[in-house]
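Here is the structure we will look at, set down as structure tokens.
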């Protein structure tokens, strides 16, 4: 059968104004200036989330208590990126681990330096490499290094 | 459906700007409902979320809402239509015997996050109506309005009378988003034309809102609350998409849906047996149009009914005693809110808007352009 | 009392995601005819009703419409609205001047075609008016070839 | 609870990357037609319909409205369900509850996707665009440039974390993912409704495709497909009148968790490779179907595998084998069409993915095996019971359906 004409349409996302929860992320960023990682702790089950949501997934109650989290942790899983988000090849493969920091129950994604791709493994101990000059943004936490 | 599924509780909020996020709105309303009923999330068997990706600005709009309605590690599904369809699905899950309780969770931030008109824009025929650019939610409603007025030779003044009744009811209702104290007919008739004959105050306002409702089986309902409201009948139907193929002066979807719902509820004479109706009339003319289609108003008698007060709170058959969607229309929640308002009336808790006799009620919801789809639920004590 | 709004991010996403819709077999025939300044409808083999623009299924009869029918370029205005606003990307803006959107019954069709009506003022337009199709001088096989309808 | 059976299936004649001649309703109508033709039913026999797809992939809201004539829904109740990748099966479950509740006797479930009119990357990005924009606004680099928060450092980030964690916990290697992709593309070659077909596919050929994000290669990833699928469900009483052979629904179950790809707005607490929802939903489904030992009692499995490792991973999650055993079954040839644990004889999602249909096709393909109507891709062993699985969302939804050749005893 023959090809038929194309007409264009769009999903006009540009017209949206999204209110997005930010307490957890803002609290985390603010404290990073002092090389501190701060999450929120459920008063009932004790789960520590970072960035901290305003409620506990499991207990379904409000969370308002802050809790400090270590900058050392363990790799739970990882990937090695060979292409960027658009699928173009990267110059150097990039190791991206998902890390469970000590004292925290949620996981955080990042970049791992100082180790060859073939040597990274689940369970590996890592620590945060902090920036010398910190501004209260996520750039303060530069990457993970082996412990 | 003889008293097998009941509404045991609900919690809703609506405003022009709720100053909240989707997650917070859904958590706050759900938590509030659980506290009211003295239950926890483990007491809920299944969750039906009702949101729409084009309103939420997200593909799979329930992705971040499962935990915030308490569905973490629970059975959950999503209906993407008016909330009364989600109520229908929840009801089915209980009727099947698989679950004793079901939470229906609806919300949309169509007051502050996104224009409510976009969502209908995306339902239009992408290969024809969208490139032609003549139809949109408002122009389609205006064509429907003129068609209805022309059918009986009504003047545009009827629209002002309808809007006045609804907006005055809404002004007294704390659950409504648009509360215009002391609203007058002149104010309505003086508001700007959007598409003739529809003026600004004949149309629903852009609204933020959400409504969470817990349904339960007969046994659980009696344990969970003193005043369960029973779902007596449900009916749904679909009309053609193409406006040019439809008789816009009536509504096939509403008449078929109502016939099915009333058939199930055993209602033969709706004007006698129903005590009031909550109708998703997004535009003033839709209230008598839909009421007529559902057999609640005598055809051609709308002008008299609104003048004489038959449709008012103290009238023969009150329509939208809550104020209806002209007082607030958070898409997805709107139809469920009609049911929630009906529950308030049936429990005698509707405050200043309480109708005198409230034992059997009808709630209506719609989807698509000019109510292409309707869903009707009959509720009773 | 915490200022709730202070804890939020207010995010915009300056993106419109694009889509490419195929018009399909029936509208392609319609567009091809527009190039020749003709308006096509499609006829149901069972009920015989003709719809414009053409579409594959007659929903009422559960039949595929197979026959294309050329329609008259004149018709009656059955319904209309005067627009005082425009809706672009969901945003309401005041229209430069009021304009008419009509529903027109073309000779030979059983449904109404939504079309732009011009050549008559919004005060004078009324249902029952006879209208005719007005074409672009140079037709290109686009929906816009059929520019508008105006009084006969 | 009333017994519910599948009495008819309809596919578009082809599942390919681009249907350039038809528009969206015209394409869907082909599957609806097939459903009617295959069963001899007419629209008058259908009490209600359920419709599902992922509508931001084409930018059409509630497409069942536009397509009403084409899907023959005038005058009928239609319910729209959408839950990401699980949409097709979530819609099927809604159809099931329509009948099980007694609210309808015969229900048609319609699903489709016409990926070629949109952009699948856009559709997927749309899941988290506001969150990603927020992270950018907060100074977080999400484009894979530098610093923390780079989303997985690449395009297949979240899934790669899952695959990587799966390999670690199971002891399987990337070569097993290669082989699984090859095996399913070979199966697809026997399925007329599959998209990517390669009768000569081998692990070696797949291994030559470039790595996107270790351990995921291009060869492990599903295509984007245009197609539509219809499934007709009926009550036991109606099925007896309307169909000669019925695939009975023994149970349905589903489970949702939190979004399991870490982003910095919503903390992740669920391991994407542990996949608790799959464990919970399958246990529930077995219990409801009265199945005690799935290894012995389930004859055939259809896994929703947008990525090839998921066949192996989910076989373990749903208890078809122990953790760490799936790749051993593969090595022993047991996952093949003539094996003891045949899986995805259809070619799976990794071969065909018109996303709205994908989870429904798991059910319809399982049904064809139960009915003995799968033609060239009918598996060798007798199939009395079969399980269909779906996943979706940000890897947090799981749906399970169990089918049998006999109705469940009351």
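By written order: A, B, C and D. Residues from 1 in each chain.
Definition applied: a residue touches a chain if its C-beta (ideal position, glycine included) is under 8 Å from a C-beta of that chain, and two chains touch if they have at least 3 such contacts.
Everything quoted here is computed from the prediction, not taken from an experiment.
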Name the chain pair with more contacting C-beta pairs, choosing from A-D and A-C.
A-D
Just curious, how far off is chain D from chain A if you go by their C-alpha centres, in Å?
29
Roughly how far is chain A from chain C, going centre to centre by Cα mean, in whole Å?
48
Distance between chain B and chain D based on Cα centroids, please, to the nearest Å.
34
Where chain C and chain D are represented by their mean Cα positions, the distance between them in whole Å:
38
Multi-chain contacts in chain A: which residues touch at least two other chains?
1-4, 7-13, 15-22, 25, 53, 57
Where in chain B do residues touch two or more of the other chains?
20-21, 24, 54, 57, 67, 72, 114-115, 118, 121-122, 126-127, 130-131, 240, 242
Using the touch rule from the top of the page, what residues of chain C touch 2 or more other chains?
5, 8-9, 11-13, 15, 17-25, 27, 55, 59, 89-91
If every chain is a node and every touching pair an edge, decide which shape results: line, ring, star, complete or other.
complete
Going by the contact rule set out above, which residues of chain B touch chain D in the complex?
47, 52-54, 57-60, 62-64, 66-67, 71-81, 85, 88-89, 91-98, 119-127, 234-242, 252, 256-257, 367-369, 372-373, 375
Note: in the complex, chain A contacts chain B through residues 7-9, 11-13, 15-21, 53-55, 57-58, 60-62
In the complex, the residues of chain B that touch chain C are 19-21, 24, 57, 114-118, 121, 126-132, 134-139, 142-143, 145-147, 150, 192-198, 240, 242-245, 248
Interface with chain B, chain C side, in the complex: residues 4-5, 8, 13, 19, 21-24, 27, 51-53, 55, 59, 79-85, 87, 89-92, 101, 103, 111-116, 122, 127, 143
Write out the stretch or stretches of chain C touching chain A in their complex.
5, 7-25, 27-28, 31, 89-91, 141
